[in-house]
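Below: a set of structures, written as structure tokens.
Two complexes, one shared chain (chain A), two partners (chain B, chain C).
Let's look at the complex of A and B:
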């Protein structure tokens, strides 16, 4: 996740960037990028490079749904000549570029890769998708990537990095797939200078410095799990209404539900985003619920992001610090503050 | 659960020629026969619909069973691989999927995914006495390791089968119990909760942990294999502690809600372990080391 230190790459104008994007669209590559419509900025499939919005700040939702859709069929079934026949969903037919992905969201995609990578449907889609990240020239009020292991110019989960400077963009490939993607445009591009990269580095450091939040130390994963029985969870979650918006806006949440749509003879099996904040999530058929209250559910969310996942993935937090959950929470719960509260001495009195 | 088992999240992304197949898509199975065990527990015997041989499985592994249009439900494979003519499952009709499964007739088709999860280490119990303690529908999870032990009878010491339910009518595998009890060195004790007895009942009346304590089984070289509702296990573990059973010699299964069986859907975890991949079989010693999230 450290910023790349070699200074290869290019310096291009917005016009050159648009031209490259236009050439990708012309080559039948699906370009998915931030588009602003009626005040809402979200990732959409571009019809033209003019729609591309690379302004400061992040999209309302991460681009996760283009790899892990909100709802999708995992197979369909129908009855033919009295026999049930099962069919896989059609594969993704386009090569795809997701462009303008903030480093936090790209890091979130690295998490979804780690979890959903073994799934055939996800893997097929992922194999045809290249990620072009866009570093952050400003920190938004909710941002805290720098305190959870990320950086405003981080490269985790990215194939190509775009750095917006005052009068130009720097472009560099980070992977062979990224190299291949920019090959078409880069023949005509001007090489970036050491001075350009020094400006990029300074921008990253300034944004990280401006960002809220104190460090979540890497060795907190074990300490947090050891606080499983802490009374702090009850105090922290008391205002949680269980709406699960934190999950739906999260770039790294991957939990899903599976349900059938249709009849016994014809239909499809669908998986949909689900949330550990819902009581039904873990409810047994018998009525027993291992997580019977909002406190145990909130604890699961925090520990999954900051303890269980990091312990299984070399210490990398599953929370990427985008801050959307805190921004959208109707009662102002903030996962970053919650981690610090549980780790602090006062936490034992919070309940 | 193996202490060093990788968690599901550690699987790497496969691509190119190593592309994974769609593990969410079930195989079609035909119901060979079906019968009721209790007023709400039914057993199905299954074969692959295309006639191909069944996959190998081990006692304690589970599957996802589809009633098309209703969805999937998870239960154990109820027979041992030593009796692998069919794949059997027993389930309680309690929700949308299981009601539909119960209403299906022999010859009709269901979906099956599996076998999933770890298994009972029956081989490790060789030379030991084994007591099976099954409460209610929990008896279903014990049938496969029990059959395994009975089919390899000479490898094991004394066998005690302690089976309890709320009411006489709710005792599973009533038809098979006499046959099990007739085998040498096998003792079957059945009990119902107070108030659950009926005229002619010749078994015990009392809660399983109390009846177990009354049996006065020496700990010695005895392995305890148990499954039942959380409240039963809670009190059974208290009894086992009182009697001095080593936690490593007590084996049970966790039955957390699951949707995928592959360590992906995220709901069956206990701490960083997924019951579907690292379980469902855990020793009491392993449970003691886990967060109380089950």
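Let's look at the complex of A and C:
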């Protein structure tokens, strides 16, 4: 996550931003962005730029479903006159822009890329998707990206960065794909000044400072795994009700289930989100379950984010610190607190 | 064989040939249909019959599955009341059908699609007539897989203003003080091994369940209007806390507890029930909707009552005069019921479309204590695992149906739902159906018989041919 040092970029008004978004929609690019509807903010396909919601704060759940859908067919089958016919799902037909992605979510998408990247269906969808990140002007109570290697103005996983200032947005491209995306729109845009970028930098620093949370050190991956048998896990997960809200609102969880849906005549093989918090997730056909209780399932989630993944992916945490799991957990389990509690061998909450 | 009367190639693109599944009992209706055949009665061939031993065997999931797989209509038919081969099967079935029909109606399935009848082995003529009527009704409604145009979604009326505030900080502090003292005493004298209460959570303005096992830890306990979770969830099912437990319950939680006791899921002798004098819990708009009509008094099931004035044994009136108002959901339910079914369907499909299938609604539900949920049954797979319109509609329908006559209206499912699906409206609509039809309210009496586990010979059956 290298900080951007060159101060190239543009300064645009909200009206100019909307105009650019409208021009993208007109050019048959699918624009996916936060929309507020019946009190729920979520990423949706925009019909018009007016729907775009760039207010402070996050969407209820992450935008990962546009790359890794809740459910998708990996192939469909049909038997015609005794012959079996298999067909691939139709490829994504649009170029797509996911806009207004918070840096934590963009970093989460970088994690899904690392895990699902080799999958052909994912890859072709990903190849047609450009990420326009929106940096954070405020930290929400649950946020802790700065303590897990991210930043409120981080660039990981982003192609274009939007910085909301008091009266304008700064725009800069971070990748060649981002450059190409803003090329047409930016012809009429005003260049941003060094002063603008200084304000952006100051904003990022202020938000990081406001954020809760002590650091999760990079070398904790091994120490956490060494605490596999710690009694803290049971206390931490005692109130867990075994739902999957933490994994489904998470921007980086990638586990899925595969089931055939249909009849002998026709149907499809479906890949749907699944969660390590379900007992069924690891249940063997024999009836044996290697993760027989909620404590072992919760431990799996925490260790996957902070130990197994970083060890396999050059030290980067799989938890991006959006804090959604803590915010939405019906009983207030907080992964950030859990990591620290296990490291300090105590569980103060929910214990 | 009877000549099929309508199964010819449509001559006009407008012609719609419906597919209707008739689920019929072996002893009466199936024989009745057979007698229609042997007496050469003709009737529309749109109906495919599915024979079951008894109408009591018809799990409403069968009906749901038929619709899910593309049936335009469903007819369920069995023996006349009193004629059941198994004596009472159709009496139980009648109750289930009544509530399931009300549920599907509320979710926007047109009533013209779902029909029930009692047809005996000798009523071949009635069978033919019923099939004609049902086919005509289904034709009138049209195909189930119509192309829905982009329609304007109904917007629920805003709830009325809350009748009161969710308590004062002074009362919350007083209750906290007395509750800590009681919990301390219960643990010290060994009356209980675990105290289930609330403690501040890791985020600001957050209260989370706390499991206190040492008297010294009781200082962590607190009470205020953010104590949303129903701790009764930890008394049964996979999350059950072992040993002797003292549990703090709100008025709504008491109804869940009473139902669990009625369903023999909780050993009363292992429990110390502490009722809190509750002014209500908060929501974004002030007072939670479930609290509007609640008087907040401790229920009869309580062993102790904690009020701002202190702790008393038994269920004691707090003496607080809390302003109440009509449940604001009733107005929203009435609004939905007035809509044409297609609009109601659009409303709910829009809500269900966002369902992530995180099952938080199930996780927090005190009534969802099954070790293995119907969603986890794979042979056969009743609820599609796919997180789309099909699977989500099936899940949300079944969840609601399984709570019929059991839901206490604690609304935790609705509070925790990330896309804020109005599950509370569905739950309440069904609770009202049960109350109006069977004169039963969940959570009123520990010896109350669950309404779908009993029947009366004269239960209303106005919806059955």
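Rule of thumb we're sticking to: the second predicted complex is superposed on the first by the 343 of 351 C-alpha atoms of A that agree within 3 Å, B and C clash if a C-alpha of one lies under 4 Å from a C-alpha of the other, contacts with A are read in each partner's own complex, and residues count from 1 in each chain.
Assume a contact is a pair of C-beta atoms (placed from the backbone, for glycine too) under 8 Å apart; a residue touches a chain by one contact, two chains touch by 3 or more.
Because the structure is a prediction, the values reported are computed rather than measured.
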Are chain B and chain C a fit on chain A, or do they clash, once the structures share the same frame? fit
Who wins on chain A residues touched, chain B or chain C? B
Go through the superposed model and pick first if A:39 touches only chain B, second if only chain C, both, or neither. second
Using the touch definition from the top, say if A:237 reaches chain B (first), chain C (second), both or neither. neither
To make sure I follow: the centres are taken over C-alpha atoms, the vertex is chain A, the ends are chain B and chain C. What is that angle to the nearest 10 degrees? 80
Quick check on the superposed pair: does A:308 touch chain B, chain C, both, or neither? Answer first, second, both or neither. first
Have a look at where A:257 lands relative to chain B and chain C in the superposition and call it first, second, both or neither. both
Which superposed partner A:123 touches (first chain B, second chain C, both, neither): first
On the A-aligned overlay, A:161 touches which partner chain: chain B = first, chain C = second, or both, or neither? neither
Answer with first, second, both or neither: which of chain B and chain C does A:77 touch in the superposed model? first
Where chain B and chain C come nearest after superposition, their Cα distance in Å: 5
So chain A touches chain B in one structure and chain C in the other; where do those two contact lists coincide? 257, 259
For chain C, which residues are in contact with chain A within the complex? 155, 199, 201-204, 206-211, 229, 233-234, 238-239, 354, 356-364, 376, 378, 381, 384-388, 391, 412, 415-416, 418-420
Within their complex, chain A touches chain B through residues 74-75, 77, 83-84, 86, 88, 113-121, 123-124, 126-127, 225, 228-229, 254-260, 262-265, 267, 269, 271, 274, 276, 281-286, 288, 290-291, 296, 300, 303-304, 307-309, 311-313
Which stretch or stretches of chain B touch chain A in the complex? 7-16, 19-26, 28, 66-73, 92, 94-95, 98, 100, 109, 111, 229-230, 255-257, 259-260, 262, 264-272, 291-294
For a test of understanding, state which residues of chain A touch chain C in their complex under the given definition. 38-40, 42, 60-61, 70-71, 141-142, 238-245, 247-249, 257, 259, 261, 270, 272-273, 275, 279-280, 294, 326-328, 330-332, 334, 336-337, 349-351
